[in-house]
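The structures come next, written out as structure tokens.
In the two assemblies presented below, subunit A is common to both, partnered first by subunit B and then by subunit C.
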Partner chain A sequence: MSDQEDDIILSELNDEDLVAQMFDDLYDGLKEEIVEAVNLLLGRDWAPYRVLTEALVGGMTIVGNDFRDGILFVPEVLLAANAMKGGMAILKPLLIATGAPRVGKMVIGTVKGDIHDIGKNLVGMMMEGAGFEVVDLGINNSVDSYLDAIEREGPDILGMSALLTTTMPYMKVVIDTLIEKGMREDYTVLVGGAPLNEEFGKAIGADAYCRDAAVAVETAKEFMARKHNRMAANA
Partner chain B sequence: MSQPSPMITDEQLSAEGLELRNHGQVLLIACGALAREILALTKANGWTHMDLQCLPAIFHNEPEKITPAVKAMIERSRAEYAEIFVVYADCGTGGQLQRLCDDMGVSMIAGPHCYSFFEGNAGFEAREELTCFYLTDFLVRQFDAFFWRPMGLDRHPKLLDMYFGNYTTLVYQAQIQDPALEAKAEECARRMGLTYQYRFTSYGDLAVALTSLAD
Partner chain C sequence: MSSAPSSPLQTLLANRDWILADGATGTNLFNMGLSSGDAPELWNETDPDKIKALYKGSVDAGSDLFLTNSFGGNSSRLKLHGAENRAAELSRISAEIGREVADASGRQVIVAGSVGPTGEIMEPMGPLSYAVAVEIFHEQAEGLKAGGADVAWVETISFGDEYRAAAEAFALADMPWVGTMSFDTAGRTMMGITAPDMVKLLAKIPNKPLAFGANCGVGASDLLRTVLGFSATGTQVPIVAKGNAGIPKYHDGHIHYDGTPELMANYATLARDCGATIIGGCCGTTPDHLRAMRAALESHVPQERPSLETIKTALGGFSSDSDGTDGNAPTRERQNRRRRTT
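Presenting the complex of A and B:
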């Protein structure tokens, strides 16, 4: 997308062109350029939340759409994610310090027996980009690991991920335990992973199956909106 | 079963599959990655009543294509055969392939993946190896075509840790003893930054399953 990368001096671009260039650089997975551009925008008194939403999330939305449409593939998405991670590392502490709006809180991890975390990491990053606070439990999580995190963090959403057909049934073990403990209705449960589908999500009692990170973000926002509406109605 | 053309290549098995039909009574609908192993077993045991239809092995990387392709092949072939047997494990279909076979009254080999049934499903499960990456003979030969290039590692080696950072060991499950393949598998482990383990499995539960069709 940006063959003339070497000729472009980011600091010489105006804000609009710089953001457009960041979209290109995210698309091309250029981490160093993204880090430089984020710092430039912050230096021009952009609020961290504005850098996040207008530049990084805007760029990743294009990446996500092209992945969904079969134009980009996993390696390119991972490179873009890696570049965004570079920008997020700068913005995250600033977002907290400036009290940026928080959409909700999510605890997420891969289930017991599963070490495949690419999808989970992408979802976590996109959720952060969408304004969610994300508590990443990492890989190979037991029921106790999820429950401890839920009690400790008080999230709105529990996210579970699995790549293996042999590990995905464990999601039902976690959900059944939440039901047994009378906690199921307190949380939105989202599940994802390559071998899953909507039918499986319904069968195990999840609130929704999310086929990719972009869908996870939209679904999470939808459930948060419903929650707020319920709370408003009950107020 | 008619004998395979000596010209059949792994590239053909990957992209196109293989059709070896000779008016047998049993049709094996299989992954192209298993073609050589199935042919070795049918030849060694004289199972001339088994025909073989392999689907493209590259479906390994796109498991959502497996179930519809198997379904189409069963529908196309069931009138011609007394029995159809599906030589795919679950292979990342999330149980959909098993449900299809159940619905269509067709049997399939048990197991989550070929590297489970090659070792023997019970033994494989008992090991509980979370952090192992498995290669079979076919996957060693096709390592670059199935993993390295599709994952973009030829172009972006920095992605290696994102893909394999949680793995510790590459296990080469050998179906035949071949020093050249062993050397290549060890080289694959080195490229991935994993420790290497060699495990000779021969054909494991694949042999058991096909033998049951011969009775």
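Presenting the complex of A and C:
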């Protein structure tokens, strides 16, 4: 890489070129450049919500697609998500202050007995990358831990992760409890983890099995759109 | 290398065309009643008879080598069970039980001290430094050595630095070693490493492994595609193939792997023809599978390297069209002027 290639002055780019450059910089996981560009767009009177959706979410969508397609792998996605986080740190308080629309909210955690969290963390980061609010319950979550969080946070989506063939059946325990309490229909339940498959997701009564973090984001968006349509129809 | 040239596995490799390794540890222990979420390593102390039965199951089925019950026996993983100070001790006991079973078998059986990943993401993407990773692996390796393991065996690794850290730890413990990675994402490891990438990685490691290869991952077909990728480089280091017995299915609240003993027998001989020397199973592989694999290997007449098509016909399809080694992997055209430096 030559010096000349590095010599991009973000402030000299027009909006369109700047957003295109942000897509590239997110793809390459360049946090400082993303922070600078977000500030530039805000300085040019872009609404925080527009910066989020057009620049950051737009860029992370490309990252997500390439992860899904086996072009990018975990290290690149982690670096991209980290760059995104830099931008979000600036936008988050502004989004709240301006009453920007909510993309959706997810409570996510690895099930009881399971200590693995790399996959879950990736999903959380990609969901944040898509503009969702994510509440991460960490590892080893009991039914009560999920239920408490659902009641406290009021999410749209519940995400459960398991890496072990021996812990994945616990997802059914959580879903069965939701059914028992008459709460199942209030939430979209997405499940994922290396040993799972679609057949398993159906067998335990989840709304969908998500093969990877990119699919999780696509699926979550789809269910949010359905929810909005339902709400509009019932209004 | 610094380890004794006469290490038992080295001798066995010199004298044999193939070596049958063992099957699953975790899924077999769950069949013995280990409950979900408990650390299997704690059983080394509380239920040594079950661990003995696990090892004996493999040995009696014809395994020449088995892995100790210490996969999660490093301080980073044990911490989640409040046993972070017991890594060396629990690993030592796992090897002691193994030594006892191997020595009682009446033939040469290798006790391979299993070392699993730390479970942490390494720098610069995550918090774990290289130096700390070396320390974690070293502590466990000393325990395995004290318990009488013949060789340290690191497995299910996805990241190059973590593999290198384990190698360095085994050098510090002055142990011969074997190391396998798990190729579970479009034919690559989770971190994007292809089969030839792993061979290149070996060149950067001063204390060479006695063997290297692949374990776990997706199904038997994918694993053999990876083995073909290793042998295509022309590497002279013996190759390990330890694939899962099919894929997990959910049935009445239980999980079982759908690979039959016949399928694993097929897989074993194909693995041999793909260029693997140490052949075993991973998740879902029981003593019944191992017996079928042993019988198949014993009567097998070596064939040419199988094509991907042959593997697909015998064992089922692959999880992705490309594994990143055939020039047909998807790519993205980039126009940008500034790129991440790698």
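Note that the second predicted complex is superposed on the first by the 214 of 235 C-alpha atoms of A that agree within 3 Å, B and C clash if a C-alpha of one lies under 4 Å from a C-alpha of the other, contacts with A are read in each partner's own complex, and residues count from 1 in each chain.
Keep this in mind: a residue touches a chain if its C-beta (ideal position, glycine included) is under 8 Å from a C-beta of that chain, and two chains touch if they have at least 3 such contacts.
These figures come from a predicted structure and were not determined experimentally.
On the shared subunit subunit A, the superposed partners subunit B and subunit C overlap sterically.
In the overlay built on the shared chain, the residue A:Q21 is in contact with subunit C alone; subunit B does not reach it. In the superposition on chain A, no contact is made by A:N39 with either subunit B or subunit C. Looking at the superposed arrangement, the partner reaching more residues of subunit A, out of subunit B and subunit C, is C. By the touch criterion stated above, A:T61 is placed in contact with neither subunit B nor subunit C.
By the touch criterion defined above, A:T53 reaches neither subunit B nor subunit C. Applying the stated contact rule after C-alpha superposition, one finds that A:S145 touches neither subunit B nor subunit C. Taken together, the two structures place residues 29, 73-76, 78-79, 82, 113-116, 118, 139-140, 164-166, 168, 194-195, 197, 200 of subunit A in contact with subunit B in one case and with subunit C in the other.
Residue ranges of subunit A in contact with subunit C, taken from their complex: 1, 5-6, 8, 21, 24-25, 27-30, 33, 62, 66, 69-76, 78-79, 82, 112-116, 118, 139-140, 164-170, 172, 194-195, 197, 199-200, 203-204.
The part of subunit A that touches subunit B in the complex is made up of residues 29, 73-76, 78-79, 82, 113-118, 121, 139-140, 164-166, 168, 194-197, 200.
Considering their complex, residues 26-27, 30, 34-38, 77, 80, 119, 121, 124-126, 158-159, 184-186, 188-192, 247-250, 253-255, 283, 320, 322, 324, 329-332, 334-341 of subunit C touch subunit A. Touching subunit A in their complex are the following residues of subunit B: 63, 90, 92-96, 112, 128, 130-131, 150-153, 155-156, 158-159, 162-163, 166-167.
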